[in-house]
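The two complexes that follow have chain A in common; it is paired with chain B in the first and with chain C in the second.
The block that comes next holds the complex of A and B.
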């Protein structure tokens, strides 16, 4: 046998996982680049969604300042607020659609089983799908920010590096969320509508386009239960100087704790559903 | 596990639970529940309603020796693919155990997969938007083939399967035969001791199928143990050292092709070609004395003719009655031949029906 399965030390195991994840990322990037029109549209589409927010913000502004909005958010720059919200919510969508939905895509293409009969860890096979998705989302979002800054006068005054570091735990937590969703998709299969609704609820209640303080109490309770809400709040505070619900350090602490929780929960959910699929024979069906 | 056995299967059983269709499905479905499924059905609830469970594999037991080509032969829905899916850990057995290269399929799935090269049926099992080489590079990482070894191994496999010229073309431009060869090349990336080939020649033209059978023989020569599923009698006969005939999820015969045929060597196979479907007389043919099995298939010769195959213990005594029945039914006999029994006849003798339905 040419493969070295069984030479089991943690270092070797970890190296194998990184190699698998790297191979998946390369494969997904190659496939992405073979649909150039799709790649181009992924940059155009967010700008298309952002434009109405810009013009709506302008319509409600007095001398370029959204006065009423400032009372809730601590900034009068409504469009920059929305732009950052869109930037961050694109990662949530990636977790839902890119990672979670990837197994359904593989099922439909007929490549799930050939991947799953290899000795590679099935968790790594799913996580691998999220790496290139997050990378492409980042490149895409940076492009949108640059275009947005040029077209719509986005004004970020804070420490970008600090904001990026603050976001990292959220990305890891979202990978855990994506893993759990992937497990559920394995079992539910035609999960497009459920993913669409869940994605919309999480992105909106995290405060993509408005400060969550405007929400009625029941919805506010849901928003405060989402770790992403604190991520949005902290990053906006760093970049725009907005008011935060809790001290930024506390919000970062909540995100760090939720990272561990969401990764553990995502792993557990995935394993439960993966086993269920093997027991019920659902892998080859879609 | 015995050192001499690459695969050991003991009392393996797989049952699928059927979900009752919901109200909306029932309202909009025009289909009536059909009988005659090839898989065995169990756990009937209310009489007249759909069974609660489908027994796809029903307590099969067999061993495959190291270096052997073992054919799993049966009609569609007999349980062949379900068995393969259990062995490659895509599916858990409901009951029973199996070991591949000494590893238990439930307790040590990763080690089982590391010992296996699996080719599942269906040509969409490759990434069509990647080239042949890129597909192999990707799967080499998943099979944990060392990068320094992988490049050389991929080159060898592309050469061996005559894909080197097309290695940098997208798989979407490959023919079905090329895709199947690439799938086998993928299964061989890690040079595993055991290969599972699920219907490897299905959908291939005769020349490609012949070439692929040659490859399978070469792989055996290199020491691989091969479990091959097929519903082509000739293929199983030509390739397999031993054959398990599977029907309704059960192994109904297991031996070498020669021994299986020897069991019915005292019989004759009478083939009659007629100009129309012999509706209504097949049951009468089956009830003739000495007749052990009857099948009828539309001839694949481009003409609207039908071939009735009658397995009998004595063709001389059966022929007259057979021809009388055909004439009485208004059939015109175009051709008649008495032949030695084949594996197809073995299947008919064992099950009373043809493989090709």
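The block that comes next holds the complex of A and C.
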């Protein structure tokens, strides 16, 4: 009897959280669709960033093969290497900007306080935003991949489904990261520059455009401390057959462990800063 | 006549001083401006290092196309000049829009002070502020990678002419943004065009012919190429004279076009009464 009552309560709580997540996701989707120019630029801009990488690869290539690069990565297809890196790094950017920084946007627009005084869980409010941002990022990145493949040469020969499954723990870990960043943004406010720089450093040191083995030792140590580095490495080895730093199973294990760690840490950080802001009455200020 | 010149100079300096105070008030902006030009080219160099290969196998192909094996200096020169343009577009190009959003544009423009002097004064501050990160970046490149950029009088002249070209372009851009009422998408698009076509990290020889034709119509292509040849490859004036004068013509044309665009916009927004709208 007690168990059933407990299960009902949990079921009700879960349904309420899904309703909050769904409502926030729907709201953010509507806002995204209201600005078609921004949606278009979100596909065009990454292509503009990819073009210099493509031509730089060509500058070092012989008959379209990056022969020097092969010595580091185990593949001479530099552009496909970069394309996968860009695809995966877009999720890191979403964690930093779409989830973390969005709190500051809400502050500026003046909607953070009214939303947060409702009985809805604040963690669910942030996760709702993460869910829709990751979905939009996926659609956007697929668009970039298709356009990039049409304009340049991209050759993915591996098992795409296996690559997607390998990527999932990284995405969950990034949701935790986004939650933690959202908490910090609550407290720091003008976090734009810090977010911008951190996002870029993390994406680059994860190996978006180069194998991390080219980094000098101090930077290599930072790169190896990032779980995303192992995600990039494992997915590339599945899709392109590149050399991995560790066996793929070990890399997946690291990602799974970091998923638990980053979600727990992100939740804890968010709660600490959220409590502090509520206590100090800082939610409505910016 | 001399009184008019004195008044114009006062407006020019007042606008420059005001903008300098605003710039230095926001520490995160200053940090970003110093960090980006160091961070972005440095990490791009690692991609070039990966392409060169552990045994330098990719370097011969690069040297064949560029005439140099110094890929670090090559990448730094391209990236730093592009980042400079990027900063100028955001700061000078976005100046009128920023004032419009702050609500100070209309009130300032209603004063009898010459508007072009206000904009040029504000631009002077932005140009000084944006040049500092360029030198910081080149200094880091020299210290960290051992690349030696020759700072001859001709290189300094190329920087000066490039500054005028960028400033003129940013003036025209600022006027356009006032019409479009959208800064971000406009900057993203314009800087993207320069990024794709100007040979930031690659020799122009690898671009398809139609892209090379576009790149020849962009002043930044000449700035990057001249800095690479003069500072890194030790070229003389005789080697680069044609490209130098093309860049100079761009600078003169763009400055005139920028001032003209500003005067046209000034008249149009006064007539339409849309100065305060955003």
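Note that in this section the second predicted complex is superposed on the first by the 278 of 286 C-alpha atoms of A that agree within 3 Å, B and C clash if a C-alpha of one lies under 4 Å from a C-alpha of the other, contacts with A are read in each partner's own complex, and residues count from 1 in each chain.
Note that in this section contacts are C-beta pairs under 8 Å (C-beta built on N, C-alpha and C of every residue); 3 or more make two chains touch, one makes a residue touch a chain.
Here the structure is a predicted model, which means the values were calculated and not measured.
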item: Clash-or-fit label for the pair chain B, chain C on chain A; value: fit
item: Partner chain(s) touched by A:115 [first = chain B, second = chain C, both, neither]; value: first
item: Chain B versus chain C as contact partner of A:18, first or second or both or neither; value: neither
item: Which of chain B and chain C A:27 touches, first, second, both or neither; value: first
item: Touched partner set for A:279, first chain B, second chain C, both or neither; value: first
item: Chain B and chain C, minimum CA distance [Å, superposed model]; value: 7
item: Chain A-facing residues of chain C, complex; value: 26, 28-29, 31-32, 35-36, 39-40, 43-44, 46-59, 61-62, 65-66, 75, 182, 185, 188-189, 192-193, 195-196, 199-203, 206-207
item: For the chain B and chain A complex, residues of the former touching the latter; value: 14, 16-17, 82, 85, 88-92, 110-111, 113-116, 118, 120, 122, 124-127, 129-130, 134, 137-139, 141-147, 149, 153, 170, 183, 186, 189-193
item: Chain A residues touching chain B - in the complex, by the definition given at the top; value: 1-6, 16, 19-20, 22-24, 26-27, 30-31, 34-35, 109-111, 113-121, 125, 275, 278-281, 283-284
item: Chain C partner contacts - residues on chain A that touch it in the complex; value: 37-38, 41, 44-45, 48-49, 51-53, 55-62, 66-73, 78, 190, 192-194, 196-197, 200-201, 204-205, 209-211, 214-215
